[in-house]
Structures are given as structure tokens and as C-alpha cells.
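The following pair of complexes shares a single chain, chain A, combined with chain B in the former and chain C in the latter.
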Partner chain A sequence: MKKTIITVVALSIIGFANAQTPEQRGLDIAKAAEKADLGFNSSSVQLKMTLKNKNGQTSERSLTTRTLELTEDGDKSLIVFNSPKDVKGTSTLTFTHKVGSDDQWLYLPSIKRVKRISSNNKSGPFVGSEFAYEDLSSQEVEKYSYKFLEEKNGLLIVEQDPVDPKSGYTRRLVSYNKNKGYRIEKVEFYDRKNALLKTLTYSDYKLYKNKFWRASVFNMVNHQSNKETRLEFKDYNFDVNLTDDDFSQVALKRAGN
Partner chain B sequence: MKILKSSYHIFIFLFLLTQFSSYAQEEDNTLVHEFELELEAEYRYFPNQGAFEGQKDHFPSIAIQPEYSLQWNDGYESINATGFFRLDQDDNRTHWDIRELYYQKAKNNWELSIGLKKIFWGVTESNHLVDIINQTDAVESFDGEDKLGQPMIQYTLSTNYGNFDIFYLPYHRKRVFPGEKGRLRFPLVIDEDAINYESSAKEWRQDFAIRWSHFFGAFDIGLSHFYGNGREPLFAFDTSGNINAFYPVINQTGLDLQVTHNAFLWKFESIYRSSEAQDFFALVAGLEYTFSNINGNGLDIGVLGEYLYDDRDELALNALQNDIFFGSRIALNDTQDTSILIGGIADLESSSKIFSIEGSRRLGNSWKVELEGRFFSNIDNSEFILSNFREDTFLRLSISKFF
Partner chain C sequence: MNAIKKVRDKSNRFAKQWAEFVIKRKWYVLIASLILAMGLGSQGNMEFDGDYHVFFSKSNPELEAFDALQEKYTKDDNVILVLSPSNKNVFTKDNLSAIENLTAEAWNTPYSSRVDALTNFQYTSAQGDDLYVDDLSYESELKSESEIEQIKQRALKEPLLVNRILNKSGSVTAINITVRLPGEDSAKEIPEVTAFVREMIANFKEKHPNFEVHSSGLVPLNTAFFEASMRDLMLTMIMLIIVIITTFILTRNIYSTIATLVVVMFSIMSAVGFVGLMGIKLTPPSSVFPTMILTLAVADSIHILITMLQKMRKDGLSKIDALTESMRLNFMPVFITSLTTVIGFLTMNFGDVPPFWDLGNITAFGMTMAFLFSTTALPALMAILPVKSKAKQKEESKFIKVNWYTTLGEFVVKQPRRLTIISLVIIGGLTYLATKNSFNDEFINYFDESVEFRTDTDYISDNLTGIYNIEYSIGSGESGGINNPEYLKNLNAFENWLEEQPEVVHVNAFSEVARRVNRSMHGDNEQFYRVPDNREEAAQYLLLYELSLPFGLDLNNQINVDKSETRVTVTIENVTSADMIVFAKKGEDWLKNNTPEPMHAIGVSPTLMFSKLGFRQADSMFKGNIIALILISLVLMFALRNFKLGLLSIIPNVTPVLVGFGIWALYKGQINTGMVIVFGMTLGIIVDDTVHFMSKFLRARRELGYDAKQAVIYAFETVGKALVTTTLVLLAGFAILSTSSFALNSYMARITVIIIISALVIDFILLPSLLILTSKKNTSIKANN
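And now, the complex of A and B:
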């Protein structure tokens, strides 16, 4: 009788452990990462983007990015180009949605025009870089389905399949660092033919407000074209206290002038 | 003399600006200055001999556009200035302007701008019907997208029910037309000083405009009303056959709507303009569809189609009464931002067609090259405006350096 109970208990423990499928665990990790980053409210950062072609020639852009955290729906962001000078002031405003397509506006300072643009083009390159629009949009948990693959040296490797059929990827392999607030160390992107397309490595992480990990460098390498794009972030500001009024079409025009 | 007169008006605004800025600077913390300069060399070539006496074929030209901005209070207060000067073969195209010079303050859900400013309204590509705040700089470009700085006080309020813009426009600016050597003109050179006003207050008529704009999901909508001196002069013949050109006092109500659904942009603009001399209705309706990232390397090809309708009689500065516009926008999304827009407008009631091509590409980090071509084809003799431009097919090449 005692033996049976022990067996039952043992079985149920195994059963409990098994009850968490790789899909469930993958989702849990993504949620844990999201939770670890909750509460930053708003931030602004200066960004230098260096594009390198396969011959090693480089060109640079500089941008300012402002982000407003929303919990009910996806984040809002405002990006302003400071260089190259012919596009200075060109700005985008994006309202990310957890479900459905994002709302996006473009401001063209030379003719002072705000244009609502389609957010359909997820897989296209952002300003000629190796970052696709979808790589730079707000990473909402709802945008992927998940599968935990393995744990290696404290890194949790999770496969993420984009929900949106317009994504340029079949899957991404994301390495979460569970000892550092589930920050992401590396993402590998597989194209529509399931061949390795790009690797994004995050480095020079800094901890802001004792809670929020932000990498100072994103390095994206395209294995198929041998091109590279490096993003360097500086002057992270988590005390900007931005509100919805700083993420409107009125604010978009103001930011681009 | 003309320059002196406009300088006087501009000084009044400068004075107002300094009053505001000196007040504003008392609560100043960090000032951010930015200065930029664009130098442009341009060459326009008209392969056909001009239809009228005195018109030239070759137009080398240079332009300079300095921009200065001063921001403080975390960017919520600023002074923005943009100047412009062009030197051209055509004396009337040699012109300068203060494109913008205004003080702006934003706080929570409102924004106030005082000074000369440029405002754009609308969604369509082939014609900008609802866009009425600024006078068109008609000598600068053929597409009408260059504007003269408009003196104004603009107050914007953002609410849950959309944005409300109120404009007080104390001064009207006349349109400048090409001179004797210039192309894209009428047989008679129009002297803008000879164009009068219906209003006895003339250019100092105090005008107003209001606009409400909002978005709901896929819909972006704007509703506007303008009451004041029209931006387009009316040309009328008196009983003895003389041309009488004047700026009428108009009421114009405009509606613009865009529906953004997947890769489709559905666009609609419509106006109703009324004045003592003329009432009319006009609309543009169309769509834009973009095939994006076609080659997996960033190539976007957009196709555009728009229908244009205008029911005004022929004595107006508009050639788009019942026309179809079709076009394609090609963007390489490469590091040089290479893009091309090709298009054509065809009159549904006659043989008249205008084709156009516009391309641009950045060279290095601080240069930009632009190519433009406008081709007038089978222009019908009965076209009141366009028939004058029959020989004015042209190519334009420009190279800009940004400092």
C-alpha cells in the first residue's frame, strides 16, 4: 500500500514535470522576460547606425528613439533621423498592437507632410540596413509561438515562430540569460526557406534603474549577403516622463522640425 | 521695391518673435542649436523652342537654403527658421523667401505656433486639393509642392475626439508667375502686382481656417474650412475683352480621407469652394498598392491610380477637370535611398497627356542628386491652361550638397 502511494507520488511528480511542455516553457520564458522589463514607462535614446557592405565600406545614420510603454496594448515609439542630412527630420510614429497590424505614420519634413503608411512591409530592410522593420518593432509576447529547446551555460534557447504570415522568417532562435533578468544575448534568424539568414548579438549591457537591462551594441550579421549593421545606443534616459501627447501626429511633426 | 515691401512685413513678425522668445528664455534650461545649409546647382533644359517670344531653352540655376533651429525646455519650445534664395535665368524665378520663421510652444495636449510656417493637408498624390494654407511657389517647381511661408498664429488642441487646429492668417501672399524668359507661362507675362483683390483690405484681410483630424483604426480623416483671400487668382474677361485677374474672397470646405488596409492605401480628397464669382466642387479619389520587398532585398514597387474631377469653368488655374492619374513608385531601400516615381495624367475628354519621372539618390553622406522630367504630349488646343505649355517638355537635373 505504502509502495503504491510512493509510486503514485513519484509518477505524479514526473507527470507534473512533464506537464510543462516545451511550448509552455518557451512561452513562460518569453513572459518572464517581458515581466522583467515591465514598468520602465518611457525612455529615450540616441542611436548610431553603421551599415557595412560586403567590401567593408561603411555609411552611418543617427537617430533618436522615444518609447512609451503600454501594458494593455503594444508600445508606442517615435523615431527621428538626424543624419544623413538630406533626410534629417524624417520621422516615424508607430503604435504597436499585440494583435493585428501596427499603425504607422511617416513625416516628411521637406513638404511638412504626415503620411499614414502601411505596416505590411515587415520583412523589408529598415533604411537599407540589415535590420528588417519587424526586428526593430516592439517585441510583444503575442507576436510569436514558442518552443523551449535547451539550456546551455545559463542561456535558455527558445524557438520563436512568428504568428504573422508576412514575417520574413520561419523561426528565430532566441538566447535568454536567465541570471540577468532574462535579457536576450543572441537571436538567430531563419529565412522562409529555413536557412540561417542573420545573427543578432547584443553586447555591452548596462543595468538602468536597477531593473532594466539595455544592450549598448546590437550587431546584426547577414550570413547570406555578408553585410553587417551595428547599432550603438547612448544616453539612455528613463526619466523623460513622456506621455501619450508625445506620441501623436502633432508630436511627430514637432519632432521632425 | 517688392523685396523692400515684403521685408517690412517680415520685420513685424520678427519683432513679434523676439518678444515671445525673450519671454520664453527666462525659463530656459539647456539650449540646443542646429544649423544646416543646402546648396543646390540645377540645370533645366527645354528641348523644344518656346511657344512665346523671349522664352529661353537652357536654365542653369543655383539655390541656397539655410535652416536654423533653437530648442529649449526639452524641445517643447523652439524657434525654427528656413530661408531660401534662387538665382535663375528667368528674372521672376530669381527669388527669395522666408519659408519658415516661427516660435513654437507645446504643453501637454496643446501646441502654439507664431510666425511664418508651412502647413500641409491631404492624402492624395496627383493633386493637393484641400491643402490651402500656404501660397504655392509657382516658379520653383511644376508640381506645386513648394510653398511660400505663410504668416500665422496656429493653435492645436489634441483631444480624445481628434485634433483641432485653428489658424489666424493675417496676411496674404501673392502667387509669382514665370517672367518673360521663363517657361510654363502664358502668352502674356503676368505681373503679380497687377492682380488685385476682391477684398478692400487686400493682402491684409484677416483670414481664418480650422481643421479637425482624427484616426480610428484603419481610417485617417480630416475636415477643414478656410475663409479668406483665395490662393489661386481668378481670371475673368470684362465686357471690353480685357483680362481682369483678382484674388477672390473664398469659403472652402475640404474633406480628406485615407483607409490603410494591408498594402492598400485608399485615398479621397474633396473640396467645395464658393465665392461671389465662382462656386465649384472638385475631388481626387484613388488608391496606392505596394508590393514590398519583392526581391528579398528591399525592392518596393508601388502602383498608384487616381481619378481627378473639377467642375469649375475653364478660366481657372487648373488643368485637371476629368482626368486619370496613374503611376508607380519604386524604392530600392538601399543605403543611398534610391527612389523613382513615374506617372502620367491623361485627360478623359481629350488627347492631352502629361508624363513625368522623378528620381533621387544620395551620393556619399552629404550629396543628393535628383532627376526630373515632364513631358507634354498631344496637348489639345482647347485646353485653356495646358495648351500654353505644349512646347514646355523639360528635363531637370539637380545636385545638392548638405552642410
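And now, the complex of A and C:
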């Protein structure tokens, strides 16, 4: 009995060694996607967020997002709220990290103070929307473990399991478009009990600088609450030439005013 | 007279021809009946629906308001697990770890969307200049004694925890699992959640035997409804045995017993087929239909069989002759009594509670089929079976019985006036008492103490929190307006007012979140434990706070997407339905008197929906009951062919219900939705007694030329025993139903028992007295003629 097990194990190791494991292929795809998007340096974009509940009642927020690309660690981003009026000027500054939890600050113009969001809760909804903070933050390769599942109509479907134990998800199924610079077409989110929670669909992709695919619309549907959030991006600008100085706490204060 | 005789002859001839046809083609009739019953039965499909929503019609305004509120925020049902450690202190390392682990496991509950517990409570504090939001106790097994003491101090001061998740002394705590049922198939979804939760509790108890676990909430409520349906369906088996025994005792004939059994089984099979064909899902009220049909259908067979056997035993007729004669004599009475019963049950459709529509329709269909089978399969079977007529040895004992009924008749005849007055006084008194009953549809009390849901819920009410609640969705009138300081102040005042009310156990309002965050934004300074007084501040604090919350513990269940309305949830002690309605109204009035118009809101909740259910059912059934009374009186007038007696029959038909509710006022004083239907239902049943008694009285007057007094004695002698017999069968059936653990069924059955007994007494005392008193003038008129 023991011998058989050993033989089986040995054979399978040899088998895996020859072919690429699904885990390896999944990681490779994620890395390829990251590589394809490499070199945009910095960008800014206007964003309209529309929340919709089951009844079809809607609510809108508008934001400006600036991103600075970093290679040795995760990207930095700065989000400024333009509306609703009572939160106008409120801005968040985020340093994503490849390992460990991200740093995040919030500037509150009403008291002219910067507050660090020191909680390690990153899985809650972003301003009441169906997007969790972790859905919007920079998708660093190191934040997940991977497993390639299948290829369907040019789409590579990869299962991604979050490394952070406080994540709201057990796994995500991400569809990469192999022929379009590994851009992501769709993400399905599974909650802690492994039931389908949300589907995020990217649409109206545009190619910027002949290299960077950016979707103009993100549509997130929550299958359990039947609520929906739509993000519409416009005025992508890849020539803003932002630097580290534009992503400091001083810059955060300035951005809000 | 001649015209009447013609009609009677016609119906007699029809019944006779029917009987002869059935007996001649007995095999065809039997096989056709079998095919019909089997055919219908094969369509049968018993599915259960335990969702409490089934009690509310689509147009129920309370349900509509509650659904609207749930759609604005989140639609959720819940399971609450209450944990009581044996050391009476939740705050030990082991206990907190156990709670933390169970909380983590609870996230795996099917359809769960949120889990609120002591350990994952999002505690807000200031750390330096920053807002810190985190689990109250994370990785509890690593905590030191002093940290645990700090957690305890924090928890016991937390208004969102105390009396909701934690009791005041810190000895009992709860885990509240919110589930979002898709609502596509409650027969599948609810058991799925229940099975998971039960296994989770069992595993937890095994690992932590020092914990006592009780569970309640809307999902366990649904499960309790579910299981009540199945238990009550099982009562059918007991009733079947009773039917066999009763039939055997009354007929003393094994073949009669078999034939009766065939008729009732065919009737039930048909009714089950009806359930399947109509796609009805069984609920606790409608799941008693087989027992109802058994109880009511057996009377038809017994009437036909007893007459047949009497004709054989007493008059020495041959089997076929006796059968034909019995059919001739009983066809019309059985038809009339079936018709009135069907009318009675169909009036349940006038009500506003769908499970009773189903009960009414299924039973009405079953009774129609019972009539059909009693007049086809039953005589056919009796014609086939080798029934032998025994000698007339029973006569002696019968005479004694006849004497007893004669004595009763003579007693009544002697003093009709006095008996009428005494009866009317008693009925009047009880009618007055009947008005003293009050509606109470506390859904927890629907279940008696043999049901775990009830005892667990009682435990939770006694030791931790209330189970009943009321919710208000309070608007601000503008987008983002919940951050308006004016709105927050008013909301805070409402919260404070609610807290002051004696019946309030807990209030969950957004103003508490605003206060708490404001305090933490000011370095945990208690002076800032108040709502912010600047709109931008409030909005930005809220934004910061929301960004700090973890998965599943967001504010979306409390704030609408537009940030224009918030939800206030008030937990209330166990109070009666009437008090619940008064309380909800008080809250609505407070808002009207103290806040601007957009903040006015109506109270909604499942508790309130049930509270108003009885009143709504009573209002809507009122019309149905009047129609039933008119229809049944018309049937009686037609059957008796006498307008005046038809009118007079209203008295013995209506008064038993008044007496029933009067006695009930002395017994319980509280009535529920299930009892509203008894008027129409019992009317259809007790009218049989009146029909039998009056028709015999009339026959004596018309055919035998007796005077009123003699006619009354004749009626006693001829139908006295039959009435007692059918009453006993009915009592057996409803007595069995009254053992149900589900109060909508058991109360309905108990009051029906009282009403049926009252009906018999009234038919034996008041009815004959009235017949004598009203006949005096009649006699003289007739004499003049």
C-alpha cells in the first residue's frame, strides 16, 4: 500500500514537473497582465459613480483619481471627491504594498485635518457602493495566489485567492483577454461561504498610448442584494507627469482645496 | 301542500333512481370511483411553505410597507444564537475564543450576508489623532487578563451591544446571523439554513459543553411553521384510527367500517390531488385539511349506514331494499348538510389570510368529493360486501335510549317559555362577554411550550433581548440629508424618546453612530458624544467611518443609497398585539408632533404585521360571514320549504358562536387570527343539527298531523340519537386538532368544540322551545284554514 502511494506521488511530481502546473500558469498570466500595463508612469481620470438599489433608486458621486506607477512597491493613488457637496474636497491617499496591508489617509476639509485610516479592514464597501476598497485598489500580483482554470473564446480564466485573511472573499474568477494585452473583461467574486456574491464587468475599453487598455465603464452587480454600482471613467490623461511629491500628505491637503 | 309534496316526491324519486342505478352497476360505479380518486390522488403533491410571508396576502398594506422598507435598505431574515456560558461570564479568554470561532463559522451559513457578534463588533476609538475601528476582540486567545478586562468594560458600556448582543451583567451573549433568502423556493432555502445552523450548534456544543445555546429569529420561526405543518398533518393518522373505532362502535359492522374508510380515503386522496393540481403549498392552517375532511366526511357515511343497518335489523328488510330505502331517506339531508358545509368553508376566501383560503378550498373540494363518494362508492360497496342482517336483539336497549330522549323532549315541552327566557339570558350574558375578547397574534405564542422555538425564544426574552420589533424609515427629504445637523438632532431626540418608553428593550438608530464617531474624532472626549453640528463634518466623518468598516458590517442595512433616509429599529418586550399597535402609533405620533414632515414615518415589521392580522382578518371575514349566514339560511328555507322556520333557524345557528366566544372570554380572553374563520365554518357544520331537528318536526306536523308539542317529542325520539352521534364524531375530530402545538389550529379547534357542544344544547333546549312558542299562532291559522 505504502509503495503504491509513494509511486503515485512520485509519478505525479514528475508529471507536474514536465507540464506547467495550473498554479504556475495562473501566476504567469497575472504577471503577463502586469507587464503589459507596465510603464504608464502616472495617470489621472474623472470618475462618476452611480449607486442603484433594488428599487432602481440611484445616487451619484463624482471623483478624480490620480495614480503613480511604482515598480519596487505597489502603486500610489489619490482620490478626490467632487460631489456630493457635503464631502467635496475629501480625499484619500493610498500607498499599496506588495506585502502587508496598505497605508491609507483621509483628508477632511471640514476640520482641515488628515486622518490615517489605521484599520486593517479593507473589505468593506467603498462609500456605500458595491465596490469594496480591495476591488478598487491597485491589483498587485503578490496579493493573491493563482490557479489557471480554463481558456474559453480567447479568455483565460484564472482563480485568484486573496492572501489577506481579512478579505471579504474566498476567491475571485478573473477573465483575462489574451489577445488584448491581457486586459480583464470580467471578475466574479465569491464570498466567505464560497457563494457567488458579485460580478464586475468591464466595458468600452479604449487603448491609450497604443499600449494601455482602460475600460470606460465598470459595472458591479451584487447578486445577493440586487444592488448595482456603475463607474464611468472619462478624460484619461497619461501625460500628467505626476511625481512622488503629488502623493504626500501635503499634496493630499492641497488636492482637497 | 300539494306542490310541496310534488317536489318532495320528485327528490325522493330521484334519490331512489340514483340508488337503484348505483346498486345495479355497483362494480362500474366502484371502479369509476376508484379511478377518479386514484387519478386525482396521482396529481397530489404535498409541498410545504414555512415562510411567514404566506400569512399575508399580496395586497396586505403592512406587508407592502415592510417590503418597501426592506427594498430601501436590505431584505433580511435572521437567526439569533444565544450563548450562555456556565460560569456566567462571557469575558474569559476561552469563552471569547469560542464566540470568535463560532462567529467565523456562522459566516458560512447559506445565504448569510452579515454576522453580528460581541467579538466582531466594530469598536471605534481615537488613537492619537486617528480614528481606529476594529473588532472588539480579535484573536482572543492571545489576549492578556487586562486586555480582556478592558474588552469587558468597553462592551458593557456600548449601547449597540447591551440588551441586543450582550446582557447587562455580561453573562449571556448572542450571535445574530442575517440571511438574505433569495425567496425563490422557501421550501428549499429555509431547511438549508436550518440544517446548517443546527449542525453548527451541535458541533459547537460538543466542543464547548460549558455553553448553553438557544436559537430564535425569523428563520427559526419559519422552520417552526414548517414543522408545525408536518406535525399537524400527522394528526390525520390519529383521526383515521378514531374514525375506524367510532364507525365500528356506531354500526357494529366490519363491512360498514371498511366502506366508510374507503369513502374517507377516497375523499382525502381527491383533496390531495386538488392540492397538487392547484399548486397549493401547505402551511400550518391548511395542513389540517385531512383531519377536517375525515371528521366531516365520516358523518355522511354514518347517516346512510346507520339507517341501512336499522332497516335490516329492525324492519327486517333485505340488504338491497334497506340500502335503497336508506339512500332515499338520506340523499337530501346528506346533500343539504354537505352543501352548507361547503358554503361555510368557501367563505374563508373572504378573509385576508391566504393559508385559510387554501384550507377552505381544499376542505370544500374534499367535502364535495365526500358527498359524491358517499352516494356512489359507499352504496356500491355495501351492495358488494356480504353484509348480513342480524336479529332484532338490540331493541330493548334502544327503547331505553328513546326514553331518555323522550324524557328530555317532555321536559322541554312542559316549560318552553321559561327555558326560552333562561336560554336567552345566558346567551345574552355570554354574548356580552364575547365582546370582551381581545385579539392577540403574538406569533411566538402561536407555538405552545412543547415547541423548542417557543421555549428558546422565551429564554432569549427573559435573559437577553426582545424578539418583537418595530422599524421606522426616517427620511430627511433631501439627498445626503442624513448628515444635516437638524435631521440628526431630531433623530437623536426620537432615539431618546424611544429609550424612555417602558416597553422598549433596545433602540438602534443612526444617531448613535454619528455620536460615537464624533466622540472618536475628538480624541474620545465624552463631551463630543453628541451628533455633529456641522453638515460637512458629519458627512466627512461618516465617509471616514464607512471606509473603515470590514466586509459585511457596513451601514447599508441602516442607510439608503442616497443617504437621505435611515432605519430605526426598536426592540420591544413581549407585549400583546393591541399594545404593539398602540406603541407603533405612539412612535408615529411623536414624529408627527416633534419633527418636520419628511421625518414622519410609519412603523413596520413582521411583528406589527402579525399584530394587525387578526383585525384585518376579522374586518374582511365580516362580509363573508354575513353572506354565509344568508346563503345557509336560504338553503334551509329551501330544504324545509318554510320561510318562517328558515328565519327562525338563524337563532340556533348564530347563538352557538356567540356562546362559544363568551365561554372563550372566560377561558382565555384572547383570540387569534385562526379563530376568526370559525363563524362561517361552524355555521356550515352546526346547521346540520337544526336541519335534522326541524325537518323531523315539520314532518310530524305536516304528515302525521301532530301539534307542536307532540312534534317536538317526535323530533327528539327520531333524531336525538343521530344528533348526539354526529356531535360526538365532530367533537372527536376537533378535539384531536385541539392538541396541535400550533395555536392558530388548536384555538380554532377548541372554540369549535365549545361551539359544537353549545349548538347541540341549544338545539335541544332553545330550538324546541322556540318551535312551540312560535307555532301557537300557526295552529290557529291552520285551524281557520
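One rule holds for everything that comes next: the second predicted complex is superposed on the first by the 238 of 257 C-alpha atoms of A that agree within 3 Å, B and C clash if a C-alpha of one lies under 4 Å from a C-alpha of the other, contacts with A are read in each partner's own complex, and residues count from 1 in each chain.
In this text, contacts are C-beta pairs under 8 Å (C-beta built on N, C-alpha and C of every residue); 3 or more make two chains touch, one makes a residue touch a chain.
Quick caveat: nothing in here was measured; it's all calculated off a predicted structure.
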Please work out whether A:Ala195 is in contact with chain B alone, chain C alone, both, or neither, and reply first, second, both or neither.
second
Which of the two partners, first being chain B and second being chain C, lies in contact with A:Gly128: first, second, both, or neither?
both
Once the structures are superposed on A, label A:Pro84 by its partner contacts, choosing first (chain B), second (chain C), both or neither.
both
Of the partners chain B and chain C, which touch A:Asp103 in the superposed model: first, second, both, neither?
first
Answer with first, second, both or neither: which of chain B and chain C does A:Lys180 touch in the superposed model?
neither
In the superposed arrangement, which partner chain does A:Gln249 touch: chain B (first), chain C (second), both, or neither?
first
Does chain B (first) or chain C (second) touch A:Ser59, or do both, or does neither?
both
Footprint intersection on chain A (chain B / chain C) at 51, 53, 59, 84-87, 111, 113, 115-118, 120-121, 123-125, 127-128, 168
Contact footprint of chain A on chain B as seen in their complex:
36, 69, 74-75, 78, 80, 104, 106, 108-109, 111, 118-120, 122-123, 145, 156, 158, 163, 213, 215, 217, 220, 258, 260, 262-265, 290, 292-293, 296-298, 300, 333-337, 362, 365-366, 368, 400, 402-403
Please give the residue numbers of chain A that touch chain B in the complex, ascending.
51, 53, 59-60, 83-88, 101, 103, 111-118, 120-121, 123-125, 127-128, 168, 191, 240, 243, 245, 248-251, 254-255, 257
Sites on chain C touched by chain A in the complex:
71-72, 74-75, 107-113, 127, 129-134, 180, 479-480, 483, 521, 534-541, 543-544, 546-556, 559-563
Applying the document's contact rule, which stretches of chain A touch chain C when the two form their complex?
51-55, 57-59, 81, 84-87, 90, 92, 104, 106, 108-111, 113, 115-128, 132-133, 166-168, 192-193, 195, 224-225, 227
